[in-house]
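Contents: one structure, followed by commentary.
In this document, chain identifiers A, B and C correspond to the written order of the chains, with residue numbering beginning at 1 in each.
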Amino acid sequence: MKNYINLSDIEDLKALIHDARGMKSNPSEEKPGKGKTLGMLFFNPSLRTRLSTEKAARLLGMEVMVMNADKDGWALEFEDAAIMNSDKAEHIKEAAAVLSQYCDIIAVRAFPGLKDREQDETELVMNSFKKYATIPVVNLESATGHPLQALTDGITIQELSEKSRPKVVLTWAPHPNALPHSVANSFTEMMQQIDVDFVITNPEGYDLDPKIVRDIRVEHDQKKAFKDADFVYVKNWSSYEKYGQVLEVEENWTVDQAKLKNTNNAKVMHCLPVRRNVVIADDILDSDNSIVIQQANNRTYAAQAVLKKLLECSK
Amino acid sequence: MKNYINLSDIEDLKALIHDARGMKSNPSEEKPGKGKTLGMLFFNPSLRTRLSTEKAARLLGMEVMVMNADKDGWALEFEDAAIMNSDKAEHIKEAAAVLSQYCDIIAVRAFPGLKDREQDETELVMNSFKKYATIPVVNLESATGHPLQALTDGITIQELSEKSRPKVVLTWAPHPNALPHSVANSFTEMMQQIDVDFVITNPEGYDLDPKIVRDIRVEHDQKKAFKDADFVYVKNWSSYEKYGQVLEVEENWTVDQAKLKNTNNAKVMHCLPVRRNVVIADDILDSDNSIVIQQANNRTYAAQAVLKKLLECSK
Amino acid sequence: MKNYINLSDIEDLKALIHDARGMKSNPSEEKPGKGKTLGMLFFNPSLRTRLSTEKAARLLGMEVMVMNADKDGWALEFEDAAIMNSDKAEHIKEAAAVLSQYCDIIAVRAFPGLKDREQDETELVMNSFKKYATIPVVNLESATGHPLQALTDGITIQELSEKSRPKVVLTWAPHPNALPHSVANSFTEMMQQIDVDFVITNPEGYDLDPKIVRDIRVEHDQKKAFKDADFVYVKNWSSYEKYGQVLEVEENWTVDQAKLKNTNNAKVMHCLPVRRNVVIADDILDSDNSIVIQQANNRTYAAQAVLKKLLECSK
C-alpha cells in the first residue's frame, strides 16, 4: 500500500481488518511510528476524523502536526500553469513537496463543492497531493470518498454481526443541507468487498453514482428494503442526478423504532455527526439498537491499521 | 474525585494543595499519565488555561488533543429531544460519548451568555458533558465557576502568606465590558474553605450571588475593606442583581498604590488577563506588591494535581 | 546566544552552520530538549515556519505548544502606560511573563503593518517579548527580519555550492501585493557574513534600506546582475523609499529560463510560498535549476541548531 486514497488501495482487506481488530483487543507497546511524523491538513471542519486519526498516530508512537489549511496557512493553487497573480499564494506543487520534507505521512481532508459534478469527480485536491507529495497520502474524506470511514464500517459489521452473511441496508434519510456522497459511496464499495447481503434504499432522484452502485439492488421503498435487515446504515446525501440538489421528498424517511419492527432487531449505524429526529429518531439513538458510538470508536483502529501499513510499506 | 466541575468535587482540599505544591517544588520523573489522552475543548478563547493545562498534562506524560469547538468542529445542540433541522450539526449526547472513546479525561471551557441568569445557572454545557461523557470532565471555566483558578488561588495564598490566618479582600474593579461572575464565585467558595479572614468589597448593585456569598462580610466602602489586608484579589464582574449589566459607578475603584497604604503591604492578585490602569494601576503591577505572575505559574500545578487525582480515581 | 531575534545574535556563524549540517546528515538519538517546552505564538499565518520549527523542536525531544495569538487568545496591548479600556485585553508585560512560566523558549511571528516605516522599525512586538520574557525568544519573522530563513539560506548555499566563493544574486521580482522586506533584509545581512560575491538587483525605487545594504553592489539592470551567477535568490518586496508601496515597473522582472542563459547554470532559490509565473516561471520551478524544496527542507535544521544552542545557553 503506497497511499490510502481509495478503498482500492487496500491490497488485502481481510488482513487489514484483522490487524485493526487486533490493535483494539490487544494494544501493543510497540511504537513502529517512533521518530515519524504525521501531518494532517484540513480544508474543512472535523471532530471524529481529526481526533481518531491523531489518537491512532500517537498510539503508533508518531508525532502529529495539525494544520487548518485555509486558516493557519495560505490559500493553495491547484491548476497547472496558473499565473498566480490573484488570491492563491502557494501552488500545490510546492506545498506537497515541502510537507513531504517535514512529514512521513500526510493526511488531507477536502470536501467537494457540489456545484460541478465533473470537477468534483476529478478529485483535484487529493490527486494533486498524491501526484506531488513524495510520501504516502491518506484521504480524510475527499470529494467523492471517505475510505477511513468505510474501513471502520467494515470492521464494525464484522465485529458485531451474529451471522456469517448479515443483511445490510444503506438508507438515505432527510437533512436540511446538501451533503456530499463520499460516505455513501465508500460504504457501498466496502459492502461489495465483504460477505453481506447488501441493499440500498433511497427516494427516486437520489440514486447514487451508477459506476459505484453497479449491480447492487436499489429499492425505492424503504419498508421493503428494511425487511429482515441485520444492519441499517443511515446517511443523507444530496442528489447525484440533479447534482448537489436537495429534492423534495413526500414520504417520511427519518429512521425510527417503528421502522425497525420490520427488521431483525437491526443494529443502526451512522458515521456521525447525526441530526437527531431528522436523520435518526431519539428512540433509536438512545436505545441498544444504536451502535454509532462503538462505530465511532473503531475509527481509531481503522486509522491505526492504515497508518501502520503505510509505515511498513514506506520503509 | 470523579470530575472537577465544582470546588465541591474536591474530597480533601488540604491534601490536594499539598500535592500541587509538592509537584512544584519536587518535579517527579514519574509519568502516571503515560498512554493517556487529555482532550481540551474550547468554546471561548484561552491563553493561560490552555497552556497551563496542556503543560500540566504533558508533565504527567499525557498526550493532549486541543479543539476549538466552534471553529474546528461542529456547532453542538444541547437541548433534549431537539429536532435538529437548523444550524446545530451534532448533539452533545454523541459528541460527549465519542470524545469519551478517544480521550481519558476531557476538559471544557464554556462561558455564560450573561443574558438569562436562570439559563446560565443551569450550566448546560458543563453538566451535559458530565451527564453524557463516560470519562472524567474538568471545568476550564464555565458559566458560573472557575475551579482551577480557585485552586490556584488557594495554593498561592498558602504559599505566600506570612501568617497562619491572613486577611484576604476580594475587590470589584472597573472594566469596559460585561464579565462573568465565575472567577469571583469560585474564589469566594475557596476562601470559605481555607483559614483566612475574608471580606468582599464592591459597589452597591454589584453584590454577588447570595447563595455563594452566604455569611461572608460584604463591604461597600473599598477603603474600609482594605484596612490591614494581607492579600487583595482584584477582579471585575458584571451585576448579578441586574444580571449581566455594567452599572455606572461614581467612585474610582481602580486599585493603585495609594489604596494599598491602608493595607498590610498587601500582595495583589488577579487571574489575568488584566487591563492595566483600568482594573489595576501600573504602579502596582510593576511593583513587588504584584504576585500575578507567580499566581499564573501556579495554574500549572493546580491543573497537574487535579489531573493526577482524576487519573488515579479512574483507574 | 540568549535570543535569536537578529542574525547578530549568532556568536559563531561557522559553528552554527556546521551544527545544522551535522544534524541533517547524522541525526542524533540524543534529546537535549527532553522535558522542555517550546511555545510558538503566531500573529500571522505560517506553513513552513510553523511546521519546520515544530519538527525541529520535536527532533530535540521538546514539547511544543502552538497558539494563534489573535484567534485562540486575547488581543495584546504593547504601549507602555496604556489605559486599557478599549479592545486590548492583555498587556505584553503579563503575556510575556506568563508564557515564560509555561515555556522554556518562546518563538514569535509578527509581520509589519507596512504603513509607518518608523513604527515598523521599532520592532515593537519582538522587542517587547525580548524585554518582558524571562526565557529565550526566537524570531519566526518580524517586521524587518527573518533570521531563521537567512540561516537556512546560508546553509543551503554552503551545501550546494561547487565553488569556494560563488556569485550570489538577490533579485526583486513582481508580486500583486505589498510584501515586507524581512526576507530580503536578513538574506542581505547573511550574505555579508559568508564568503560570496554578492549583488542585489531591483528596479529603481525598490532599493532596500541603505543601513542594511551598506556597500553591497546594487544593480538596476537585472541582466547585467545575472551574468555568471551561481545562485539566484528571487524575492519580492514593496518599496522601502515609498514605504510599503507597490510601484509600477515597466520591464519584465519575472525570473525564467531565458534569463538564466546568462548565468553559470544558476541554482534558483526562494523562501516560499512562491507565486508561479509571476515571481518565478514554471520552466524554472519544474527544472533542476530550482533548489527551493531542498532549501525549505533546511528550515528544519536551521531551527534545530538555533533551538539546541538556546537550550545549551539557558542551562
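The rule is short, and it goes like this: a contact is a pair of C-beta atoms (placed from the backbone, for glycine too) under 8 Å apart; a residue touches a chain by one contact, two chains touch by 3 or more.
The shown structure was predicted, so the numbers you read here are calculated from the model rather than taken from an experiment.
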For chain B and chain C, which third chains touch each of them? A
Pick same or different for copies chain A and chain C, depending on whether their interface residues overlap by over half. different
Chain A and chain C: spacing of chain centres that average the CA atoms, whole Å: 39
Multi-chain contact sites of chain A, meaning residues that touch two or more partners: 71
State the interface residues of chain A toward chain C in the complex, per the touch definition above. 37, 39, 63, 65, 67, 71-74, 77, 81-86, 88-91, 93-95, 97-99, 101-103
Which chain A residues qualify as touching chain B in the complex? 42, 45-48, 50-52, 54-55, 58, 68, 71, 176, 272-278, 282, 285-286, 292-293, 296-297, 300
